[in-house]
Amino acid sequence: MKNRLSPPFAIVIGLASALSHAQGMNAPAPAPGAGPLPIPVVSRFENFGEKDGIPSHKVHCVLKASDGRIWIGTPNGLCVRQDNGTFRRYGTEDGLSHLTVLSIAEDPATGDLWIATLQGLTRLSGGRFTAFTQTNSGLPNNVVYGVAVAEGTVWAATAAGTGAYDLRTRAWKPYDQTNTVMNEPWCYAVAPGKGVIYLGVWAGGVVEHDPHTGTFKAYRDPDGEFHIALATDSGPIVDVTSWVAYDQGILWQGSYFGLARYNTGSATWRTWVQDKTPLLSNFVNTVFAHGRLGWVSTDRGVSVTDGDNWVNYLVDKEGRGVVRIYRPGKPPETRMMTTALPDGFIMAVWADDHEAWFATSNGLSHGVFTVSSDSSALTSNP
Amino acid sequence: MNLKRSLFAVTTAALAFSVVVLGGGYGLRAHQRIRSGRPDLGLVSCTHCHQGSLNKMPWAKARPHHDSPGGMVLSPDGKRLFIALDDKDEVAEADVATLAVLRRAKVPGGPFGLALDAQGERLFVACQHVDQVAVLDTSDLAEKARVSVGVRPTDIAFCPTRGGERLVVTNSGSDDISILSPSPLAEVARVAGGREPYAATVVDGGRCVYVANRMAVHDGQLAPPASEVTVLDPASGHIVNRLALDSAHMAEGIAAVPKKGWVLNTMIRVRNLVPITQVKDGWVMASGLAISQADGAVTQVPLDEANASFSDPSGVVASPDGRRAFVASGGSDVVTVVDLDWLNSWLSRASPADRGDAIMDMAFSYHYVLARIPTGCNPKHLALSPDGSRLFVAERLDDSVLVVDTASLKPLGRIVLGDGGRNDPIRQGERVFTRARYTFQGGFDCRSCHADGHVDGLSYDFDGSGVGDNLLDNRSLCGVAGTEPFKWNGRNPTLQFQDGPRFARVLMRTDPIPDPQLDELATFILHLPPTRTIPWDQVGKPLTPAQQRGRDLFFATKRPNGTPIPRSRQCQVCHRPPLYTNRLIASVGTQGRRDPKEGFDTPHLIGVGASAPYLHDGRARTLEEIWTVYQIDDLHGVSSYWTKLQLNDMVEYLRTL
Amino acid sequence: MTRKTSASLLLGAAVLLLAACDPQAQQGSIVLTQVPVGAPAPQDMTVLDARYPPGSRVVLLSPPFGAQAVRVLSEGLEAAGDPCVSWDGRWVYFAGKDKDRQGWQIYRVAAGGGSPERLTDAPGGAMDPAVAAHEELVYSSPVPKAGRLWASPEPPSLYGMLPGKAPRRLTFGPDAAVNPTVLRDGRILYVGAAASDSRRAQPHLCLYTVNNDGTEVTAYAGQDDGVDTVRRPRELGDGRIGFLASRGHEPGASEWAEGVRSAAPFATRANLLPFPGQGCRSVEPTPEGELLVCADVAGMVGRSMTANAALFRVAPGAAELGAPVFDDPSWNSIEATGIARRDEAAGHTTTVMPAASQGTILCLNANDSCEPATDGTGSPAAQLRITAIVGPGQLRVLGTVPVASDGSVLVRLPAGVPLGLDTLDGAGRVLRHQPPVFWLLPGENRACVGCHERRSHSPRNVRPLAVQTDPESIGLAGKSYSR
Amino acid sequence: MRNTLFAIIAASIAASAALGADAPPVSSAEGRDNRVPGALPAAQVPGTTAPAASRFIYATPEEEYPPYGGLPKELWPFANTEPYYRYFVTRMPFRGPGRDYPPEANLKSLRIGLVDAPKVGANWERSVRTREGIVLAMEEANLERGPGELPFDLIEHEGIAQWGGAANLAAQLADEKVLAYLGTIDGTDAHVALRVTLKTEIVMVNTSDPDQTLTETQIPWLIRVLPDHRQEEGRLAELMVRTCGCKRIAVLRAGNRFARVGAHQFEDFARRLGCPVVQELLFSPGATDIPYQIAAIKESQPDAIFFLGEPNDIGRFAKQFRQAGVKARFFGTDLLMEDGFLQNAGDAAEGTTFTFYSDPTRQDPLWTEFSARFKKRWGHEPDTYAAYAYDGAEILLHAIRISGPNRWRIRDGVYNLDYYQGVTGWMRFDGTGSNTAPVCIVRYEKGRRVFEPQVEFAPPSNAGTLTRSP
């Protein structure tokens, strides 16, 4: 509750925004007198679009693979960034199971990519595509929203359950409402946790599954209602989960009703909604977890937070970049940037300590971090 | 009086006998119709259902074992040759100078693939029957360690990498590749291969390993198949490339070519999509060599000639100077010597179209085939001495190793391992099985489509009464004993009938295999055990819950709501255990536009998990597709009530058979 | 002496007796055709009369091949020639002319000698014997008039005749099929004329193969290269096919030996012998890998320019013909073949269904050709037109069938007549033309890669669209749609 | 609360001024211009079947909607606690780009998708009637297309019964380049299709799924023209508890998702009205006899039984309840309108009370004229599925007419609708995009359906202003 914005604070945001607009501030620099911000700040956006070979406006997802290559999923195929900076496209003619690519995951053991599409799950291995569909395999449904690989198992969140494909035994294990605690079979995302898998279930909250013991635990909205969030910080923001992400003990739940975070160490939840907190919008497409940070893709820009500090990236109506920084106990800082995200409707983010990539509704953007940001603080628990 | 009494007695007895026979026959037929759910069924043998025990099958009985040479490896100094004897569970060590066998060591589990470390101190052995890799100390051939890998490992390659020493193991039965750390012996990664990873070769001193995948995969019934060459980085375990050998299968040999940066694959170029009307000019299949260059370009060139074939290309080695390659043709009993310099020169000037067409030109090999060296029966694995002066040819069905002087291409002698099993009819039958001379111009042999007796995963359009109306999936020969009749139309009551004059007419285009050899062939096939589809350490273990649920579905007689499933559409009625077939013709709604009849032989399901594709013409790529794509009106078992989970359970169960 | 020993002695004596009476020839013997030097040719002669004038004979030549070692095998015949030996080496087949019958037929005689047995009674005579699997006699019939071999109104065809069975016609082409020899793979290799529309006086002769049931007639070599006349093909055992070549069709034209490699027969035509070989009469392999060559000695050192033909044995890699192994100046030694047991040629299980009246042909891609289309537009074929020779000089268009979008065509056609194929574009213009040259046998299923496709090429592994539906049926009278 | 709302609004205005990052206003000028203050008669251009612009009333930016579908506060969850956050009082905007994207090249027709019900299943017949309404609307629309205008084209797919098949069909429709689509009946189908809709950005008009949770997802690519179970059951619960004075309510429902979601909503309402249900028992769809369930419910001595399931099943069980001596009143939802209930229940139907969407006996000219046209086209009277399907199609066709072939602008034209006067009467779309027009109460009397008199709903006079209170 202590971090909830009071109503006047909301006004401040608006006014500050208007003010910053008027001042035309440049790229952000550390606020005078402030300590190191435990969130890296983007100093510059490098944008890529159709001119660079990206075959659609919208980019659904982005992944920097372990070999350094940037992969993106679009409604018109899978693309990889080539050495010359342009993007090479792969379509169904190459073996991709469907043109609409929604999510990409890399198998850390093999370097294979697993590609979630609107019509099946596709493996890209050694340059060759192999399609898994609901008719030729144990994939529960062809509409695959999220995919993750952990401990030799590919997890695919589909419109009719989550499928687990054991890469060693080639056996599929479908999970739905009949064999788990899922309220509904509609899965949106999977996130490997520490020895467990988190399933983002549409209308079913978040389901934690321990594949070793075969046990399930459902995290559900305490009020059980879609029309209200009765209280804050008491559980998932809503049962209608649109995304889950996990890293270093922190589980994030994205929804179109706001954002929630679960600290698996302390078993505590925190929730955020637009207007009352720095969260840019309730409409959270995805969350990318890196260290203690969540990179939250919303329909109004990107919110980056460790739970206490926030860095929001927006695009004003003139198309200019705006960054807002919130620190506990300090007034928010709003600055204009010399560059901007190509669009405020952000589909997904990939980030590490050195850079971030943004999949937006109008192309791909590369976020170059400010050199002075203290990346070592990223993994510390404030 | 006595006569009358006798007449009466005889008449009574005759009448009684007639009543019993007629009544019994009627009752028996009624019983069969009820139990099969097939009111149209005529009187059939009781053995269709009452099949007896699998323990009585020929393949379940003890058989003679032979000293068949498998993988071979030479010591770094070239003085000793290690030979895997998988059928005897032994590894032999031979003196290259004297050709004498020095030692034999017991290595349980079907030792097949061999590799030595750089110093020649540790011999790594892939044991295909128990899914393990063993390490022997070459000083005493004592086993030092053992580790589990994937199913049916066939080859092993040792390579130093930037991450330390690695072993790459081809797990042919689980379609994956194990990467091991030799010290301590442990599996560090397992990556998906193509279909049946079979042999591996190290390139650039361990920078990457190329793996030959024996069977082809294809993306649909009428799509050209392709065998994969899997290229992986043994240090990271990442797949670097998956090269496709277009329309190739049985690609079981692989060799790196020093100084040229190539990798050679032996392969059979199939034309399974083309109706079989002739054998000549590779219309059914032809032997070839695939050259993978460092840039990923793959060029296929023929090993066959315009008027002669050299079937079952298997082992391949390249000379240390990279100028020659040697290819064993297991079905034709020759080793072909290939001029790699000529090919290099040609490749340097060939257009992409030329490269693509080369494999089609059966007269092309005339340019680069230097010689055909005759060998003993079924040459398979090859090894070259480190200096390239001696070629060792494993004559697998003669239990010997031929040694050839690579300068003169003349034989120097043989390492004799066994007696060749001349008195064993099973072994004799295997010779027939692998002998291409029964086919026109030696185009192919039984093994060309049935490696190890199993399937090649392809559908062929055999010559029938017309052209293009006989597309049929290749069926496994493993475990077929007792499952007669054979062929998808169920017309062949015996293997002799199946493989005799009929085969000669529609496929081999020669005289039929002579009766004595045909009997031997049938003996061999009947002794082929079912293909093992599950890991060795799972054999005999209880079913998993999913498998058990699938089994319950398989044997279900009612739907969950209690409505009975008609007997004719219960899985277990047609696919009746223990053979999982009632050996009758069944119509399951799969008649194609040009299939002359709607009914097909009910195939047995033993090893079905490894015999994709499915249905009579191979239209179903996976078990799932049988019910998700090709099920019509619940004709192939009542599946409409299955949830996705239940279908998955069924598939999981079938994979255990 | 024990009973056992007595039995052994008796048995040994019996074997010796039988051996003495055995008509087998001595190991290393040679069968030779001898033509008297200067013999006049008869009037109204046939091609065989020209080649084997009266007095010509087939003889057995035993080592060491002196003139006294000659034993006549064609005893009682007016003329004889063209011997060939059975697989087991026990029999010699040859063409012989009986004094009384005034015609040429095929005879058989024990290799060691004996009375010739006439095997054929072919109308118009029989010639060119060869032996296929299962001792099946293959021959060519009828025997044309001299000088009319390639212009005969009744061109000779090949026949096969199993022991005790009636002869079966094997070839149905529009031109002569002669000089058969049986390859180890079981096919019959013979000399025919390259496909042509014109009945030229001088056709281009080349080699074809056909299965021993008459199916799968296929070009073998020489269709696209070399001089116009070839004769007497033989499989030499070293991967080569040898034959005689000459310029022109006049009898007596000087011939020389050529050969192709079976591994690449369309690309390897060359002189067979590494030295000048004019005047060559025959080439045959020996089991030892040498060649038996009958050649004129005219012009050789020490011989006049009108000398006879003699027999030579040529070792592999020999730089010159060397001295003859047999040379009788009063005879021309024109054909020689060794007598030895050889591996029998492969058999062939026939696919012919005698009750059927049609065969089926599948063309995988009518647009696949190594020749440009005549219209030069690159238009794909839309239809395939089928022509046939339905009687002497009677060429008939049987009908057309559509070509599928991938170029494939599947059609049932009448059996036993020379068939030709033309691809037509959408406007009905001929793209590629194939005069009637091939045939189908009843029930035969045949396929080709394309139209004038590259020689010795395999098909691509593609499922032809044409096989998705039942084929159309075309009879001699035209198209019918019943199966 | 008032302060909070003010703060939010003020901040929004400020932010909007600064960033302009909020939803664009309705792109169609027609939409805004045709916002009519006050209830309107059925204005229709003579000689045309296309709805007049006056029948469409669109939303304004930041417009507020009554919470909880406009139901009485006593039916709200946690009605006596002000929640930390309240959703659906504004509509989730779509902030993404696309409205200025050019149309697809070489467009030959304006494609509209339709996902039918699976052929095997209870909804197939309803789906057939749904289709009839849609086809009629499209045929009429095509007759009125002017020269050079692209025709409308229906891309139709039969539903797939299993394994989330509707999701696959929704993806397939995207591949087939539809501009929008209609369907489905089953709640599961609609849910999975909706999620695809968000990814493919193709607006969906649902005409026949009463699952109240369908539109409660914040996905701004869906409206539903059929009043949902929340409206039906809220009305029914009040009727049962408040009007009829029922004290012991039992629930018998089908063992499927449709009935689960509906029954649990009803039970929430009953509880909130102080009358928690005494029993909730399930039956297998298609079951013939349910003696155990009947015995258990009888033992609980109910004075009312709420049914949810297929009408054939419910009719059969109603009869069995009466035969077992159960005297409780029967209640149910719209499905009991179907003949199957009456046929199977026989005399047991007497007194059964249920909710229904739109009174087919109305004499509203829009309805009567539509009925006549429908009967002429299909040879029988339209039912509720056909009628709502017709209305849904008309909304979609109108949106395409005013937006052109641009999926994002079509979305605006559909999703920003506040009120629409269709052949089924006036619709009122709430913050979730669901029609919250009041439902009717129907009762079986002597084998006839008796509709309780109801005041015709019409938009309030302040429709289209910035804020409104319930």
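By written order: A, B, C and D. Residues from 1 in each chain.
To be clear about the criterion, contacts are C-beta pairs under 8 Å (C-beta built on N, C-alpha and C of every residue); 3 or more make two chains touch, one makes a residue touch a chain.
This one's a predicted model, so the numbers in the text were calculated from it and none came from an experiment.
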item	value
Chain of greatest Cα-centre distance to chain C	D
Rounded Å distance between chain B and chain C, as computed from the means of their C-alpha atoms	41
Approximate Å spacing (C-alpha centroids) for the pair chain A, chain D	33
Chain centre separation (chain A, chain C; CA means) in Å	78
Separation of chain A from chain B, taking each centre as the mean of its C-alpha atoms, in whole Å	46
Multi-partner residues of chain B (at least 2 other chains)	643-644
Interface hub residues of chain C, defined as touching at least two other chains	none
Residues of chain A engaged with two or more neighbouring chains	134, 140-141, 160-161
Chains touching one another, given as label pairs in label order	A-B, A-D, B-C, B-D
Contact set on chain D toward chain A in their complex	3-4, 6-8, 10-15, 17-21, 67-68, 76-78, 81, 83-88, 92-98, 101, 163-164, 167-168, 170-171, 174-175, 191-192, 195-196, 199-201, 213, 216-219, 257
Chain D residues touching chain B - in the complex, by the definition given at the top	120, 162-163, 284, 286
Parts of chain A lying in touch with chain B, wherever the complex brings them together	67, 95, 109-112, 123, 125-128, 134-138, 140-141, 152, 160-161, 167-168, 170-174, 176, 178-179
Footprint of chain A on chain B - complex, ascending	150, 174-176, 189-192, 219, 228, 230-232, 236-242, 244, 546, 621-622, 624-625, 628-629, 643-645, 647-648, 651-652, 655
For the chain B and chain D complex, residues of the former touching the latter	561, 640, 643-644
